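Chain nomenclature is as follows: A, B, C and D, assigned in order of appearance, with residue numbering initiated at 1 for each chain independently.
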Amino acid sequence: MESCGIFGALMLNGENAVPYVIEGLIALQHRGQESAGIAYVEKEELKVYKKMGMVTEVFGNGVMKKFKSFNAIGHVRYSTRGRSDIQNSQPFHVRFRNEHFAIAHNGQIENAEDLRNYFEKTGTIFLTETDTEIILHMLIKKLNKRISKWTLEDIAQIIFENIFPSYSLLILFKDRMIAVRDKKGYRPLFYYVSKEGYFVSSEDSAFNFLNAASEKVYEINPGEAIEFSVHGVKKYRVPDTEKMFCFFEHIYFARPDSNIFGKNVHFVRKKLGELCARENPVDADIVVPVLDSGFSAAIGYSKESKIPIEMGLMRNRYVGRTFISPDQREREIGVKRKLPPIPEVIKGKKIVLVDDSIVRGTTMKKIVKMLKDSGAKEVHVRIASPKVINTCRWGVDIPDKRELIAANFSLDEMVKEIEADSIGYVSLKSIKSFLMSEYDNYCFNCFIENIKRVNTR
Amino acid sequence: MESCGIFGALMLNGENAVPYVIEGLIALQHRGQESAGIAYVEKEELKVYKKMGMVTEVFGNGVMKKFKSFNAIGHVRYSTRGRSDIQNSQPFHVRFRNEHFAIAHNGQIENAEDLRNYFEKTGTIFLTETDTEIILHMLIKKLNKRISKWTLEDIAQIIFENIFPSYSLLILFKDRMIAVRDKKGYRPLFYYVSKEGYFVSSEDSAFNFLNAASEKVYEINPGEAIEFSVHGVKKYRVPDTEKMFCFFEHIYFARPDSNIFGKNVHFVRKKLGELCARENPVDADIVVPVLDSGFSAAIGYSKESKIPIEMGLMRNRYVGRTFISPDQREREIGVKRKLPPIPEVIKGKKIVLVDDSIVRGTTMKKIVKMLKDSGAKEVHVRIASPKVINTCRWGVDIPDKRELIAANFSLDEMVKEIEADSIGYVSLKSIKSFLMSEYDNYCFNCFIENIKRVNTR
Amino acid sequence: MESCGIFGALMLNGENAVPYVIEGLIALQHRGQESAGIAYVEKEELKVYKKMGMVTEVFGNGVMKKFKSFNAIGHVRYSTRGRSDIQNSQPFHVRFRNEHFAIAHNGQIENAEDLRNYFEKTGTIFLTETDTEIILHMLIKKLNKRISKWTLEDIAQIIFENIFPSYSLLILFKDRMIAVRDKKGYRPLFYYVSKEGYFVSSEDSAFNFLNAASEKVYEINPGEAIEFSVHGVKKYRVPDTEKMFCFFEHIYFARPDSNIFGKNVHFVRKKLGELCARENPVDADIVVPVLDSGFSAAIGYSKESKIPIEMGLMRNRYVGRTFISPDQREREIGVKRKLPPIPEVIKGKKIVLVDDSIVRGTTMKKIVKMLKDSGAKEVHVRIASPKVINTCRWGVDIPDKRELIAANFSLDEMVKEIEADSIGYVSLKSIKSFLMSEYDNYCFNCFIENIKRVNTR
Amino acid sequence: MESCGIFGALMLNGENAVPYVIEGLIALQHRGQESAGIAYVEKEELKVYKKMGMVTEVFGNGVMKKFKSFNAIGHVRYSTRGRSDIQNSQPFHVRFRNEHFAIAHNGQIENAEDLRNYFEKTGTIFLTETDTEIILHMLIKKLNKRISKWTLEDIAQIIFENIFPSYSLLILFKDRMIAVRDKKGYRPLFYYVSKEGYFVSSEDSAFNFLNAASEKVYEINPGEAIEFSVHGVKKYRVPDTEKMFCFFEHIYFARPDSNIFGKNVHFVRKKLGELCARENPVDADIVVPVLDSGFSAAIGYSKESKIPIEMGLMRNRYVGRTFISPDQREREIGVKRKLPPIPEVIKGKKIVLVDDSIVRGTTMKKIVKMLKDSGAKEVHVRIASPKVINTCRWGVDIPDKRELIAANFSLDEMVKEIEADSIGYVSLKSIKSFLMSEYDNYCFNCFIENIKRVNTR
């Protein structure tokens, strides 16, 4: 499962864990809006409830009341490449020799195809199209004992040795919950300890509703597996290796109020905006953010450049599918509905247009045209990240190289292509100067010219 | 999957098979109201769409328009023992080495637990709680070649040799569809050949909407597997063995207008009513059927006994859950809502109450009380089948022996228990005299005192 | 509002009336499946909740829990002539000088157009397309005082003097509930008195769920208005005039287990079947009812003729819209899906086909053809009512004379038209001999050649 | 109907107007999220379709396809004081002497109670609880001719003479559409003329999807009524009187990219932010907007004060009802979910917190506490409007004076009450200096100490 969100709760105070998990999933909704599901324990038996749709739709109409469990895990899913289907939605649930466990996964397993082929050679079949299912098979094949006898060490060793990153996992058993973060640490994973219970989440901001004091919130270490039960917390950890924190989590994926890989997301984005301004100064009247994604970076750009932020584009909350048929309108109106321009602000202005990243460039081209149509004198595109020139095999939904504008065009060609007056990015060098020694803990693979990365555990 | 319905279509005239499959499933809705689903082919790839609910709910709101395929299979599900869950609903869909197949199953595999244990020992995991999943694993484990190379013979041999009845199956590949009926022939299975295409169904009455001429409708033989494709029809058949047609299909499960195991269902039920009258004559004023299930038998009872049929109980179509809370009403009102008595008919009358079968006896007890409360002078219960004294391991939802009234009480005790004036059943002897030589082709296991049946293929 | 169902409850024991009203509406669902609604009192204020759909849909999903009221009225609607719209669904709710009342209506006001024109001349506007709205205007215009001062007499006099039948009404005030039945008594109306509260219903069978003892169930008299409140029951009654009980309620509309106009509905239908057999004997093998509507009459026909009832047509419960497009099937399959024939029963038989009535004759023609296609030797149509040759202005949905088969064809022509072997009806004379002195209490207008009826109150 | 949105279309090119109206309503969704509806013409007859819910919900599932009409009007509703009910949702639809018209209203009629009483005295009844219904009655009572004979002058005169502002109206007839804006001009109203057709909208930004050139978009004048038909545009206008543009439309209600009363909304809000900074300077580190409503003003405050904008609070798009029960959490978490603080930004900072207005002050108090809890050193609340000290009788949902914090506390007391370090507003004097001569065209009633306004037409 690629970019998704996971949340788990194991209560110590007799409360029902399910509402907590659902509330946590709502807080992680930005990580996946396609399907939502939970695994929980009912009368000693593991059950799963999942459905296509947003969290509030899936659990609305009082459906939640049916689920009572002292421990539970949940998942919100963002699917890529159209395989949007209930059978691929999570958590997955396995019965083996009359015992059960369930799993929820955020990430993308690098050696999935190899493992799948390996298993298929032995006659193993796959009922889903997800890489997550591989973990289920791996655990069962390697552990020749009853599920209830599996120890934290058993599970952690098998996963760390056989499953290549990226994965942040939650595994639910009827009496415990195990959180696992891969050795590279691609995807974030946090836990919070209170007297009410134990909580695990993809992002720490999802503990907000618990009024969690920040000192009781811990980032699970890369290569660490933690077991939560009524008997307390048990940890297992493999020796440190090279880290690979996904920098795209900072650029785009995580919530601005989350603190991942030791840094506040908004702070990083703002800093990237500053770096962008330093590397790509321009004489302009206003800084216009592409809301909401470009807001943090625009604050940084504005701060560094002293050019004031302005609302050249508003962000319309009430958009959905259009009811106008394509042949009723010559031009598509999608961008105009979502980001309506404010001509009063734009007219006659030299504009710095700030966004977090460019992938294909098609939306950016429409925005630039819209601004020009609204009277902008100049539009200078400033991107608060490096050029995206490679796809990602660790869980970020980036299309094939052939579709990436920066992989196929020079800067000058891009300027022409999107009909802007200039384009500026942030260099990796600049990011290195900002992150300093931490630079080496990150994965910048999608920005790097020649990747020589080999598959590694 | 226990008592369910399956339907498949492979079109030869360029039409979309999906609406035909959905229409077929509607005609089989009486076999399962819990979930509905189809497998179909989209751009060379197999897909599945399934959801909890009735067929018209699952495929309403124009959702059907999304599915276009020249071949498709469908399934309606009736789940027993509360395992009502989307992950157990069918068809199942497997990807193996980049090829796909899908399966829909009606029946219950006798050696499921053995096979499951066997597979689990080799580390195979199960993502569903159904016995159907075993067939998927069996095929994959035993056939060491690409799915597209699997021949009809390959598939049929593996299934017939390894999977113990009962099963009527539909297997969909991207270019063909295979129907398999187990050697014993427990569950019915039919196909219809027209110039428009090939159609397969659990019951022949589901071909009605095609205006199928009866001479082009064929019952698939026990131990037969048939492959349908644009290249025509290919058959594979194992030598004849002992048959085990499920007599409960005739008693209760199938539609009256279906013709299964070579006999019209209504005709058999009516005949059972006649036999019941012959074995259990009684001096009474009217024959009252428990609608709809007891109607056919009541016609037979009335015919044989010359006692006229009367509508002592009507059948209310508009019932659903009650909105009155349990504590608002002393007695439960379920039976009274579904089968309201007509006191005008009942008052002062000696009544023969005819139903198709008794399992636990709780509903029958309520009906008898209701009739007495409405003024019935006598109520003589007549059941158009033998006493149900064993559970079923081949797909009929009969509870454990301890819950079966006839397995725990003598006739006299039953009369007392349900507070009727008498009870009468049909004896197996009587059924034998009716079926004659065909008697040996049926499974009467749920009616037989000492079963010595051993697991056999 | 034409043929609809109404139900009211005023609790004396502190319970919530709403679940009772909903349960009552479910029992009256056969009278209208298009919309459902209730009026209730919340914090001294009248409120209405109504929606398109069946009762269980409208009040499902826990929506019912929102409504708490010691008194409430409800309505299920069957709309004719396509004016199916939420703004026409009932109950209606009026605020006048800061006071409220609500109304639910079953029937059709004969002088609606006159009254509407009259009111419109004075500048009154109508926000709905229903005749019911006229009653609201009438009460307000005629009663020059606060709603809370309106007495039972006030209301009854105004309605009885100004509104021409037909109407059975429920009027809800915040502290009381009034039931009104028109002087002619066209539509039935009942109440039930228990220590729990007062209940009013279109049909007495809707009190079943209350376990109402029949001696405490009363038919409200024509020309009677009854007020229910915590202070007890108050009655108002106008002198007896000519009755006009709608005979179509007996023929088709009411539930077989209801007892209206002093007679059990099933009993009347069965009797009509007997009369039909006496008037139209025929040499045949089996009596086949058109289920469910023709079942009672078929029992009567069979009894009188000694020809046994058979299930030549089953009744399929699981039908909805078809998913096959019209161009995919040459012939329409609607009748075949709803009433599948059982050829085993039909083949080579001389059949008496019994139904309650014929209106346009189009469905009957399809059924006859279907029986012949299934091998019937002869099909003799027997209708357990007189020929329908006039439309109805008092609430039964009968189309214009030009569309009524019996108004435009002789018996011989009808036989040809529907391709049967013979047709037989019940004569009014025969009905008179059965009803005797009660005959004059009924409206047979839709069956009578030359109506001279003038508008009367 | 209070603060709502209306949109109409009359096509000249043979297209269906309905999708245009729906698209327009989506663009006006911020003006009302409770119900949505349209009136349209089908076969010469006016029809209405309306439902509780957001526009995309109401018209989703292909329901829109049913409606075809060359002219149509629509309405989105925001209801106050809990009268959320389908019977109060718009448009309303009236049949009078077999002719129809429909109406959609944005505003609140000042003399509604008087007119209602007046009409009730003559026996007129009201089926809804809206003031809009009064307009229907007024037109019918005053115009003694067939609806099709009503001229623009007839309608305009009656409305302008009898109905006291505020109202922006759309009236639909089968062959034309009339837009009316009250003499004071409280609520905005626009039309757009293209060769495709005529379009009317509460805000001009709703014409965006039409790619409307701004020079073809016109604000309808106060006291103007315009009739649109295939014959072109007809206007009626009463002599100019005192204007009363609602200043709250600028402060809060309208979209930032709309241009109402001759001014861009974002520009006005930003200006108010500047004025606020000038009147209430403070030594601080960052300007934090309460997103989204306070963003424009914060830009202005930042510009004037030179204090940089920062994202101290993010705006979470994915909030709905919480699944945590009140007793599971001590403190309510609503504000924290919707506006999660970013402690990294806040910690140790002196903050200027900018919002558009304060009504009760309860939310502001929670935000201030949240900021302090997150480490803010000082929190200075700056409101980009004057103190709200009166309720509104012209359509803005402001509660009773007793609930308004600024009406009950001095500035110092307010600072204490919401536990901020200071509070600052914009004075009316300051607004006057900005608006200059236009100042007198606005209604500032909710800000003024002693209102002497008398009811006027």
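Note that in this section contacts are C-beta pairs under 8 Å (C-beta built on N, C-alpha and C of every residue); 3 or more make two chains touch, one makes a residue touch a chain.
Quick caveat: nothing in here was measured; it's all calculated off a predicted structure.
Spell out the chains that contact chain B while also contacting chain C.
Touches both chain B and chain C: A, D.
Could you find the chain whose CA centre sits the greatest distance from that of chain B?
The most distant chain relative to chain B turns out to be D.
Rounded to a whole Å, what is the gap between the Cα centroids of chain A and chain B?
47
Could you grab the centroid distance between chain B and chain D? Build each centroid from C-alpha atoms only and quote it in angstrom.
60
Find the geometric centre of each of chain A and chain D from their Cα atoms only, then give the gap between the two centres in Å, rounded to an integer.
Measuring from centre to centre gives 37 Å for this pair.
Return the residues of chain B touching two or more other chains; collapse runs of consecutive numbers into ranges.
In chain B, nothing touches at least two other chains.
Please give the residue numbers of chain A that touch chain D in the complex, ascending.
Contact set of chain A toward chain D: 15, 19-20, 22-23, 26-27, 29-30, 54-56, 59, 64, 205, 208-209, 211, 214, 255-257, 259, 264, 266-267, 270, 292, 295-296, 299, 302-303, 308-311, 314-325, 328-331, 333, 336-337, 340-345.
Which part of chain B faces chain D closely enough to touch in the complex?
Touch residues, chain B against chain D: 61-62.
Show which residues of chain D lie in contact with chain C when the two form their complex.
Against chain C, chain D makes touches at 47-48, 50-51, 85-87, 92-97, 117, 120, 123-129, 133, 136-137, 140-141.
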